[in-house]
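Look at the two complexes coming up: subunit A is in both, with subunit B in one and subunit C in the other.
This part shows the complex of A and B:
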């Protein structure tokens, strides 16, 4: 095959058996790879009602056909599994260099199943696959684990691993690769921990076969130039990274503040990308084959918060900043470092602390519950201390590390969990920006912005304009973003490549790489298929239309200040139109006609 | 009124914000005034010929002027104007 390696590696941790299977070319064409292929494997092999942390769940590391090529930002892989945070079909996407290395070792996907009797790690060197004892690395942080495993295998090995949070199966645990990149959401790290799998280390000496090298080269060079020429991909993101969004979201009144009790944070500028560039930036950093380099290597010297690492991204700066009422960027960055070291999703971690702070504000928890930590809004030391306790699984921290829904529900107040389908929503207030609220409510993995980033049109005027305060047209806009993103995620390219790269150019790269005569219509149909595949699996897991909603706060409590003061989410005005435009019935179930159109089985 | 500058626009203005004591009637007047103060790089960033540059984001009280009346957007004494380059993230 071209683009794909044509091989799937299967590792049964219960028996220690390692097998290889051929990738069906028709499956490859229809589901492309990464999120699409991984979802297809999970839907084919995992009972949707299985306990996500049981040996019956499976963990798929899947690359896309473009992964490992020099297509722009083509360094992505997905971790696909049943996510324990909220029981959805999880697909967590990460960059760095791990995905390309897996591809060079010869695999489109690695399926991990069962459970090891004791902690192990996988050592994959091309065709040689070993399940190794991980006793010496269990308990270590992500950087230490990475160093230890490289020392035991190969200095050039690319390592994806869990930290202590994943080991004790915190529901917001992630899988870190290349030390600083994260397959972050839905608790995929807890699944890895439940299987006693500490890490996957890989070295590959192969390459990616290209169907039409000359045409692929031309398509890639054109695509790279499109990003380079784009004001966002070529200038805005490289200059300040994603953190630059803090101020614009604040100015439109859409920066969730103090656990979404407001949409405006007066001190936001102290936590934005401009402040990071002035105070902490060491250098920019890009993932494999990326010309954008949105990553930030940072250093903090402030006493009590010292450290060096990567981040924060916008989402992290918001979750630990405005959402916790904290305006000390040094503390925010330190909390980010700790999340990376312990292996926790920064969005869910910061948001869950914000939830704990609201419980504290309302007297539902006191310092007697929090092991003495003062969770008053804006307490910069508290966000760092609580993050450490979460990573260690210590006392109240262990409760917070289960995510805000379980935390708030445990105290009888689930209404203070700012989640959609029990996953913490990201940094855009759905009362100020109507379309993103529809996306949160309908996202197949719960609260998430990268399933359908309508912010591009609603706030950033990138690629189009849509008034954030109106609901008209948002169903169609949301679906267009969701389908394109699903297809893009399946290729192995980064979402940020679309800040410049058109869908048509992406298809040109994919077609010349694989030799399949993909058209833009077929590509978008693949995205639609991937979306519906995830929807069908979630429905079978027990989700219904009642789960396509938002926290009551967003539907009933108007924003009290800022530029969107007085607004609420009008989600109910958008959902019926969304279902109809998706080809679903009034209960949000894909119709027979829709399934036939996409060649999907119910 | 107050004008606030963000990201690379701050490199052009060398200040984060400015209080405007005069009464520019609309956005065109305001930007023309500001272009005189900050010079050609700022003018090139905000204007494209006689129109608003396609790669500038200007909010008046949090509303993108592309959803208002672009350069003809009327301004009042208490208005807050925010000027951003094209940015993104996630």
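This part shows the complex of A and C:
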């Protein structure tokens, strides 16, 4: 095959059996890869009702056809599994060089099933696949694990692993690769921990082949230029990284502050991309094949917060910053480093601490509960100390590391968990920006910004404009973003490439690479199929329309200050229109006609 | 005028577009193992360094080559060329290169070393940050020198 390697690797950790299967070209064409292919595998093989942390769950590392080529910013892979944080069909997306290396080793995807009797790691060198004892690396942080496994395998091995948080199955544990890149959300690291799988190390010497090299080259050159010419993809992100957004969102009154009690943080400027560039930036970092290089290598010298690493991204700087009322960027960056070292999702980690801070504000928890940590708003030392405790699974930290829903619910106040489907929402207030609220509520993996980033139109005015305060048209806008993103994720391309790269150009690259005569319509239909596949799985897992909602705070408490003062989320105005436009019934269930259109089984 | 490939590790983001462009130029597929340039990344320090043939004037690979396959270019100044027809694949050049910039590939029975893509190096063309530049030898360090001079300028301005 072209684009795809055509081979899927299956590893049963219970029996130690390793097998290879051919990728069905029709499945490849319909589900593309990564999020789409991984979702198809999980839906075909895993009962939606299984305990996510049981051996019956499976963990799929899946690449896309563009992964490993020089299509711009297209080196990504997805971890697809049943996510323990919220029981959705989870697909966590990561960059770095791990995904491409899997392709060069010869695999579109690796399916891990069962559970090892004791800690193990996988060592994949082309055709040679070993399940190795991980006794010596269990307990180590992500950077140390990576170094130890490289020393035992190959100095240039690409390593995806869990840190201590994944080992003790914290619900916000992630899977890290290349030390600093994260398959972050929905607790995929806990699934890896539950299987006693510490790491996957891979080295590949093979190739990704191209159906029409000259046409692919031309399509890639045109696509690159689109990104270079874009104000966000070509200028804003390279210059300031995602952190450029802090001041932009604060100005529209959409920067959730102190666990979403406000949408404006007066000191936000101290935590933004401009401050980061002035104080901490060492250099820009790019994932494999990336031409944007939004990654930030940073260094902090401030006493108590010393370190070197990558980040923070915008979402992290918000979660640990405005959301915790913290304006000390050094503390925020240090907390980010610790999340990467312990292997935790920074959005859920920071937001769960913010939730704990609100419980503290209201006297629901006191220093007696928090092991003496003063969780007052703005306490910069506390966010670092709590992160350490969460990573270690220590005392109150172990509770916070289960995510804000379980934390707040455990104290009888789930209303202080700022989550959609039990997953922490990211850094855009749904009261200030109506469309993103609809996306949080309908996202197939719970609170998430990268399932349908309507912020592009509603705030950044990139590729179009939609008034953030109105609800009209947001159902259609949201669906357009969701379907395009689902298909794009499936190719292995980075969402940020769409700051410049058009859907049509992406399809041109995909078609010339694979040799399938994809059209934009077929591509968007694949996105629609992937979305509905996830929806069907979630419905079978027990989700209903009642789960397509937002925290009461966003629906009832108007923003008290900032440019969007007085606004609430009018989610109820948008959901029925969204269901209808999706071809779903009034209960949010895909109709038979819709399933037939997408060739999906009920 | 002689042109040279200049490496600026300080601008390298570790994206490896250079490796992809190189392997695509030579094989019309993506096989970083076939790339004549490799960008190594030290993740703890966040530093990346591209490595490729330095086209040495006094080249060890040329000196040890028993057949003259590895030779100073007769057409391009500042280039070491490899002649596949003369090469007996003894791999003495691989052993001799102190930088590890020549390698034998069993799959294609070839010696991999940078050939400047016959005057249009694709690694430099695809590098998004100009960490690799194909420039006149007279210009090779001008930008770096001036960038450093600017730091002196700023220091002088502060004290004057």
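Going forward, the second predicted complex is superposed on the first by the 602 of 602 C-alpha atoms of A that agree within 3 Å, B and C clash if a C-alpha of one lies under 4 Å from a C-alpha of the other, contacts with A are read in each partner's own complex, and residues count from 1 in each chain.
Just so we're on the same page, contacts are C-beta pairs under 8 Å (C-beta built on N, C-alpha and C of every residue); 3 or more make two chains touch, one makes a residue touch a chain.
All values reported here derive from a predicted model rather than from experimental measurement.
Annotation for the three-chain superposition on subunit A: subunit B and subunit C fit side by side.
Of the two partner chains placed by superposition, A:215 touches none, neither subunit B nor subunit C.
In the superposition on chain A, no contact is made by A:281 with either subunit B or subunit C.
By the touch criterion defined above, A:239 lies against subunit B but remains apart from subunit C after alignment on the C-alpha atoms of chain A. When the two structures are aligned on the shared chain, A:449 is found in touch with subunit B, with no touch to subunit C. Residue contacts after overlaying the shared chain place A:398 against neither subunit B nor subunit C. Annotation: apex subunit A, arms to subunit B and subunit C, angle 80° (C-alpha centres, rounded to a multiple of 10).
By the touch criterion defined above, A:56 reaches neither subunit B nor subunit C. Minimum Cα-Cα distance between subunit B and subunit C in the superposed model: 16 Å. In the superposition on chain A, the residues of subunit A contacted by subunit B and by subunit C do not overlap at all. Against subunit A, the residues of subunit B that register as touching in their complex are 4, 6-8, 10, 16, 55, 57, 59, 61-64, 66-67, 82, 84-90. Of all residues in subunit A, those touching subunit C in their complex are 68-70, 97, 100, 104, 143, 146, 156, 178-180, 205-210, 213, 217, 282-293, 295, 297, 308-310.
Contacts from subunit A toward subunit B in the complex involve residues 231-232, 235-237, 239-245, 247-248, 251-253, 269, 272-274, 294, 313-315, 426, 449-450, 453, 455-456, 459-462, 465, 467, 495-496, 499, 562-564. Subunit C meets subunit A in the complex at residues 10, 13-17, 20-21, 23-24, 27-34, 40-41, 43-47, 126, 128-129.
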